[in-house]
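Chain IDs A, B and C follow the sequence of writing; residue 1 opens each chain.
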Amino acid sequence: MVEQLRQKAKELLRNRKVELIIGYQRSNNNIFTTPCFIETEDEVSRLVWDKHCIYNLSSYLKEIKKGVGIVAKGCDVKSIVALIQENQIDRDQVKIIGVECQGQVDEKGQSLEKCQSCQVHIPGIYDVLIRSKTPLSKNEPEESAEEYSAVEELEAKSTPERWRFWQQQFEKCIRCYACRQICPLCYCSECITEKTVPQWIRPSPSLRGNTTWNVVRAFHLAGRCIDCGECERVCPVNIPLRKLNKKLQKEIMAMFNYMPGFDSKNKPPLTDFRLDDPEEFVR
Amino acid sequence: MENIYLPHSAIVQEIIPETPDIKTFKLTFEDEGLQKDFTYLPGQFVEFSVYGVGEAPFCLASSPTRPGQIECTIKKMGKVTQAIHDLEVEDQVGIRGPYGNGFPLKELRGRNLVLVGGGIGLAPLRSLIQNVLDQKDEYGDMVIIYGAKSTEDLVYQKELQEWQNSPGVKMVLTVDPGGEDQKWQGEVGLVPTVLEKVNPSPDNRVLVTCGPPIMIRYVLLSATGKMGYQPEQIITTLEMKMKCGLGKCGRCNIGKIYICQDGPVFTYQQLKDLGTEF
Amino acid sequence: MKRLVRKEELKKMLAELMENYDIIAPVNKEELIFFQPITKVEQILWDYPNSLKPVKEFFLPPREVLFQFNQGKVQPADLPPKKRLIWGVRPCDARSLLLLDKVFLNENKDIYYLEKRRNTALIGLSCNHPQESCFCTSFSSGPHSKDGLDLLMTDLGEETFLLESNSPRGEKLLKGRGKEVDKAGEEKREKIKEKAERKISRRLEPDEVLEKLISGFDNPYWEKACRQCISCGICRYLCPTCHCFDLADEDSERVRFWDGCSFPSFTKMTSGENPKFAKKERFKQWYYHKFSYFKQNHSVFLCVGCGRCLRNCPVKIDFSEVLEQLPARAQTPPREG
């Protein structure tokens, strides 16, 4: 697959379809990867592809919006779709080099939780597809009902228990904003935390400010988050952010029967309305 | 030991509206001993606290030659300045300072001056102007070129008259093209243009300028270009985001210097020496 | 003073000290290692790769109340009355405090920081197994350095530790404990130390770096080098020597909290102007502050080689690589106008 990837990348650069390709390169320790940016054909040999390519490179599309090629797994492509939905990038300015992914592993070699319920081994959209020579083993992706098992575990707890759980988690937050910076969909040029008139969220890492920050971010992602899981991966204090985001994903699914990241012509439900939207809360 | 972060209490004595969004605040320290001993150089700044809202740096617009109170001229722009504009006489605020290096009065003594100000940039220059007028014999003549977007944006309108009438002072006022009202008698044109027109000779003269960055840029170009000033003859005061005022919070640096400690006053030569880091 | 002390006796010593000191030690909390106040000696980790957050958090807390205002009166926050003891500090973290002293204990002394420094005893633990990401030896230090510590413990194996005092406070703590160090003990310690030092493979030449930085400010290299960075604050916050902060009023308190030069709004003024808006400038600022400006102002580099930045960067930027690859003595284009 790597050879194919490099070949295609070379072609894209040679034919001037793109000026820059964002992909994965081997990191110093020879096992993991790190994002790489290549501009010339002789650099394509830096590109690699394996189960250590965990980054969602589409977050760089927040800054680089034109003439760019991007190596993207199925989950990454979902956030590219989301960016297109929200008019952050033009479909024809990005060449998606889709890669067939059989699952990624974390630094300890353990399979990522999100990969266990993945339904997009082959990306939904792409300009070029790099397929694996060995066909995917017939591992049926788990029922989507099971995808929410972690959320349901929390939902089963009482409200005070749940509150305590989250307070314990948010106490750890140091407001490094890595979750925001790595998220492809957190692209506000002035984040709500930076506003001082009025000041919605206290900038210092008090429990109150941390709670507001994390909850507000989750709400701002409701109906948009495609669960790439990067926020949870980068959090230095291991706050289980995916649980928060998935809970909102579940609510949105129940209310609007909508799953983000698949159809670029859709609008996220909280940015749009339909006459048949649920209205039980209106009395 | 002194707590360097603790502001001293001060009371608002008088509020003078200068323009629709600029006010001058006259303050005295609650502690009379402190008020008596409080001394500073023109060009220095203080950290002004509205308790419960925040703290922000402002230069001292008053001169140390007129003790008994301090003055700050403040434009309403954000959270803290909005709260400052909502203050009333007798309200309590906090003042920390003075910080910064101030204008190099020793080097200015015996020389002629041209002060070029734009908008609220006249505030630190006012401190210098008052200081010079109070110690007339120690300085040469003074040319003041001051401009704002429009007639209603000029600050210190009463004092401008007073300065105009002082011996040894030549005052040229200007507003941006389109900013003049029917009664306007002064120049019309951008400050750097008017500066070139007035063209005070660089002989034994120091040029001090303060105002919006773009104005300063063109003033520097004109002065070192057509007007023949050397970079060491030009002084400006820089504006950066500052918080602690003490060189500790790390945000106001240009290269290895901190604006709150080694500045905000610099000669153009010093800025050039900073290289591309400026 | 040097003594050989058995682990059992160390545990007893800790239990005794708990009466007079708040003991802060490394604990394992859900797979992450934090320094925390402990109530039971059993909670302590006796060997661990370095903690997530550096020890600076006990001297320059992530959030600290400086003073409160109440009906026109300004009340400085109470300074901690009980003495503290941080157990198991790694030499790199201890050295970082000496560097922070240069900022917070200069002519304008920060009393909050000062009181905490005065009130806190530091008992270090030598690193016998440095990590691949460690490079403390590049800064005239090492995995067994005593700099900044009151007392240093070295695990000699077989439940025995060699303790060395490095200050009057350390000596007082050590007096009467364990037994004299014999020749065998000394030799064992030397061997462990050498082995640890040899294990450190990562190396930076700070003086070369300084030169490259000064000449390379405008080098186009930085445009490419900064691309991976996502502008979060992890490297700044987890760095033991980064100390930038912000001040704000919350309710009736003035608080000081960590801030970082990586954030776009760090230098943004209310007028909207932002001199360091470009990612490239913010990216450079970190390297320049640590390896150029601080060195020029204080004659020492603002880095202790702990490697937290490398280990925790979300996109695995290798900071020593970035400096390594900066071209030497580049041709700086002449500054225009």
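Convention: contacts are C-beta pairs under 8 Å (C-beta built on N, C-alpha and C of every residue); 3 or more make two chains touch, one makes a residue touch a chain.
Computed from a prediction, not measured in an experiment: that's the story for all the values here.
Undergrad: Between chain A and chain C, which partner chains are common?
TA: Common neighbours, chain A/chain C: B.
Undergrad: Of the other chains, whose C-alpha centre is the longest way from the centre of chain C?
TA: B
Undergrad: Mind having a look at which chain is the central one, using mean CA positions?
TA: Measuring from the global C-alpha mean, the nearest chain centre belongs to C.
Undergrad: Using the stated contact rule, I'd like to know whether A-B or B-C comes out ahead in C-beta pair count.
TA: Answer by contact count: B-C.
Undergrad: Based only on mean CA positions, could you tell me how far chain A sits from chain C in angstrom?
TA: 33
Undergrad: So the centre of each chain is just the mean of its C-alpha atoms; given that, what is the distance between chain A and chain B in Å?
TA: Whole-Å distance between the two chain centres: 49.
Undergrad: In whole angstrom, how far does the Cα centroid of chain B sit from the Cα centroid of chain C?
TA: 40
Undergrad: Listing for chain A: what residues touch at least two other chains?
TA: Residues of chain A touching two or more partner chains: there are none.
Undergrad: For chain C, give me the residues that contact two or more of the other chains.
TA: Those would be 246, 248, 268.
Undergrad: Considering chain B alone, which of its residues make contact with at least two other chains?
TA: Chain B, residues with two or more chain partners: 78.
Undergrad: Write out the stretch or stretches of chain B touching chain A in their complex.
TA: 78-79, 82
Undergrad: Quick check on the complex: what are the chain B residues that touch chain C?
TA: Residues 1-7, 9, 49, 51-56, 77-78, 81, 92, 94, 213, 221, 239-241, 243-244, 246-253, 255-256, 275-277 of chain B touch chain C in their complex.
Undergrad: Please give the residue numbers of chain A that touch chain B in the complex, ascending.
TA: Counting only chain A, the residues touching chain B are 196-197, 199.
Undergrad: Give the list of chain A residues in touch with chain C in this complex.
TA: That would be residues 27-29, 32-37, 55, 59-60, 63, 174-178, 180-182, 190, 194, 202-206, 230, 233-234, 236-238 of chain A.
Undergrad: Going by the contact rule set out above, which residues of chain C touch chain A in the complex?
TA: 30-32, 52-53, 62-63, 132, 224, 227-228, 230-234, 237-238, 246, 248, 250, 255, 257-258, 260, 263, 265, 268, 279, 312, 314-318, 321
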